[in-house]
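Chain naming follows the written order as A, B and C, and within any one chain the residues start at number 1.
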Amino acid sequence: MTDTPLIKVEHLKVYFPITSGVLQRKSGEVRAVDDVSFEILRGKTVGLVGESGSGKTTIGRALIRLIEPTDGHIFYKGEEITRLSAKEFRPYRKKIQIIFQDPYNSLNPRLTIADIVGEALEIHFPRMTRLQRRSRVADLLAKVGLKPEHLDRYPHEFSGGQRQRIGIARALAVEPEFIVCDEPVSALDVSVQAQIVNLLQDLQEELGLTYLFIAHDLAVVEHISDFVLVMNRGKIVEAATAEEIYTHPQDDYTRKLLDAVPKL
Amino acid sequence: MTSNLFRQILQRPTGVLCAALLAVLYLIAIFAAVISPYAPSDQNLAKTYHPPTGLVWHDGRLCVRVYKLVDPTEALYRAEPDRLAPVHFWAKSAPYKLWGFIPMEHRLFGVDSAERIYLLGSDSTGRDVFSRLLYGSQVSLSIGLIGIFITTVIGVTVGGLSGYFGGPLDNVTMRLTELLMAVPDLYLIIALRAALSAYFDSGQIFLLIVGILSFIGWSGTARVIRGLTLSLRNRPFIHAAEALGQTPFVILWKHLFPNLLGYLIVTSTLSIPGYILGEAALSFLGIGIQEPSTSWGLMLSQAQDMKVFMLNFWWLLTPGLAIFVTVILFNALGDVLRDIVDPKLKTQV
Amino acid sequence: MCATPLLEVRNLAIDFGRGENATHAVKGISFTIADGETVAVVGESGSGKSVTALSLTRLLPTPPARYVGGEILFNGRNTLTLSGDELRPMRGKQIAYIFQEPGTSLNPVFTIEFQIAEAIRLHRPEVKDVRGEVVRALDLVGIRDPEKRLGDYPHQLSGGMQQRVMIAMALACHPKLLVADEPTTALDVTIQKQIMDLLRELKGRLGMSIMLITHNFGIVADIADRVVVMFRGHIVEEGKTADVLRNPQHPYTRALIDCVPRLGQKQRRLKAIDHAEIEALLKP
């Protein structure tokens, strides 16, 4: 394997216009992500921490093209994917996936688990028959620790931790290489949180996945990440290995973060 | 979702009652031609303002009393004590067409053609009010359903698209709805009706009225649907579908629409009365349904006559009762549905 | 401290559904919250914490929920038997909520200014400068440039900012009892700390009591006077925060505290609760 990083972000900027009045005139902008650059190596986990509202989710969503970057470049295996049209980007939707923070709202309440996870297969493997799809979904559920009898249930019949597993199964369905995990464990209790983190690590080992792991719990980030980025007000203020961040924080904000961690 | 809704209705007494009664009303409307003893325009000038005929049980069969006109100026009828006319079931009648294409020669019940059966009396030209009520229900009951269908289709399409895509499209459509809502309904209706009516015959006028009512009604639906879409649009499950590369159309259809369905069923049920009343109001003002068609509103407007009150021809006001009952039933059913779909509303308000 | 506590819950039991497949979400729990006291409720997901919280002012939809037994005395009045008219002024003004799901608790079609202002007008009609009060409320929960944010709609805010708007809204009413259902799940530690400081300050100034539901033991240690541990609809342990955290009595509490990942102690795998093990321990 060459040294090209799986993901490379250069000078990424995402600004949101502030509009006002009836005519929706632009009266300013929110600089959600302001000139950010970083790399993620294949098979590694990069943790992204920072204050609420500092632009973490926005970076994640820009990577999977849920929002258009205002400026800057994103490379996937060395290929620029920033300005691709929706159609050109389609093959990348199979390689880049996302897991959301909120297990209650990330599954469509009106669809069964089989349909939710199967949707990904329908889109990217259109030649699969219904039966093949079902058995593939069952495999995926098994992979995240759920049972085949869960296939025909609806999301409200599951606990938060189980729903998060379903969300992970959906992301895995397209056999991605890279997953943006946007605070996947924040809403879960400590025990379930541990299970999900362990599951993500097992899957990484088994499938060679690469993660961008967004979180605000430093302990969890330190546990799962190889490398940590610290964000503040749309900029990356510190980038170092997990260990270094913890032992020798350089930036003021990072130090503040560490200080604020409540002690048990 | 819908089957579940149905089951839940069955668990509530009010729900079952309203749904059952409405079902009966609609069945009657569908088979109005068979159930009613006369055609709606079947006049009998010798029997104007005839009171409801009494029913008696005689010699093992059902009979109606026969009346004699005592005082033509006051339309005073008196039952003749010894004359009865037997009621025939599945009685032969003048040929007619059920739903406009099935030729029929029988009606559910009737009396020998020399006499008349007026279950709810007759009107100023001796037409049977009961038959007209049934035929009229076809217009009055269907106008709500068709109207709701049109508003929902337009409202969901416009509201859904503008909520989903946002931006300039959203801006334009929302200003448009505001414009529509700012125009006073009644004047708009009257103006549209006046401008267009010259070109239509009475059958098309029905469609015209539905069209006008829905044209005014869709903006409200569109705005609410837009709001709901906005809130759903930013729910992660929609982002997840986008991240999988799902097309916007499929997202709207598969992910948004089913989540709006509960709300739509409730509002539709609750706004059907608006259409029924709207038709009644228009017809009452003389700019709605016109002869030879009939509707409850039209019947009421024809009962606008001093005689009706002076001489107590109460039966001419039965269309008002029919409107009242139907509206109440729809509202009650709508309330039950709302409790089912959104139980929070009940506990918090 | 006065003799009657602000809130006293006695033998509260709540079911969902009827008959055989009823879920017994809360199975006869009792606890009290005194004036000015902060009580933390911890326990795994599904143990009945939110259900208990919502039942305090009867916010659970009935059906499917059913109050099967017990009473909830707030200032000596049983909220389970109050009429809707008596209960309504209590919500918000006396007992304010921060709901668990910030994203779905804000109305998507109104600006955040409108929503907070509404709460203020409703519960503190004496406030003249409502706009200024809204700005102050947003500032207190650490939202930068609050004036610029007034016109934002909920979807223009990050998850954590939505959660803070919820907090601002609840606090703007100056309630007697604040029920906070996992109020800081989407917040980073610095903001978390700021919110906890704010709660502490308001508690001192207004004499507010707090029922705090959380998964975060750091927060429990930081702010709670007492801890209630829930497990499958029961309260399995209750006591002073320091006692419970340092010397947990119940095996479930012990297991739960063990799961907390700690900074700087890198393990290969995080510990999770093994339910079979707890079950075995619970069997006499």
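Observations on the model:
Just so it is clear, contacts are C-beta pairs under 8 Å (C-beta built on N, C-alpha and C of every residue); 3 or more make two chains touch, one makes a residue touch a chain.
Here the structure is a predicted model, which means the values were calculated and not measured.
Summarising the inter-chain contacts, the pair of chains with the most C-beta pairs in contact is A-C. Here the chain at the heart of the shown protein, by mean C-alpha position, is C. Ranking all chains by how far their C-alpha centres lie from the centre of subunit B, first place goes to A. Note on chain placement: the centre of subunit A and the centre of subunit B lie 53 Å apart, centres being C-alpha means.
In terms of their C-alpha centroids, the spacing between subunit A and subunit C amounts to 28 Å.
Rounded to whole angstrom units, the spacing between the C-alpha centres of subunit B and subunit C is 49.
Multi-chain contact residues of subunit C, defined as those touching 2 or more other chains: 103-104. In subunit B, 235 are the positions where the chain touches two or more neighbouring chains simultaneously. Multi-chain contact residues of subunit A (touching two or more other chains) are listed as 101-102, 105. Note for the complex: subunit B touches subunit A at residues 1, 171, 235-237, 239-246, 254-255, 258-259, 261. Within the complex, the subunit A residues that touch subunit C are 16, 18, 20, 28, 30, 49-53, 57-58, 101-102, 104-105, 159-161, 183, 186-195, 197-198, 201, 216-220, 222-223, 246-247, 256-258, 260-264. The residues of subunit C lying in touch with subunit B in their complex are 58-64, 103-104, 107-109, 153-155. By the touch rule above, subunit C contacts subunit A in their complex via residues 43-46, 101, 103-104, 143-144, 148, 151, 156-161, 163-164, 182, 185-193, 215-219, 221-222, 245, 255-257, 259-264, 266-267, 269-273. Listing the residues of subunit B that touch subunit C in their complex gives 227, 230-231, 233-235, 343-344, 346-348.
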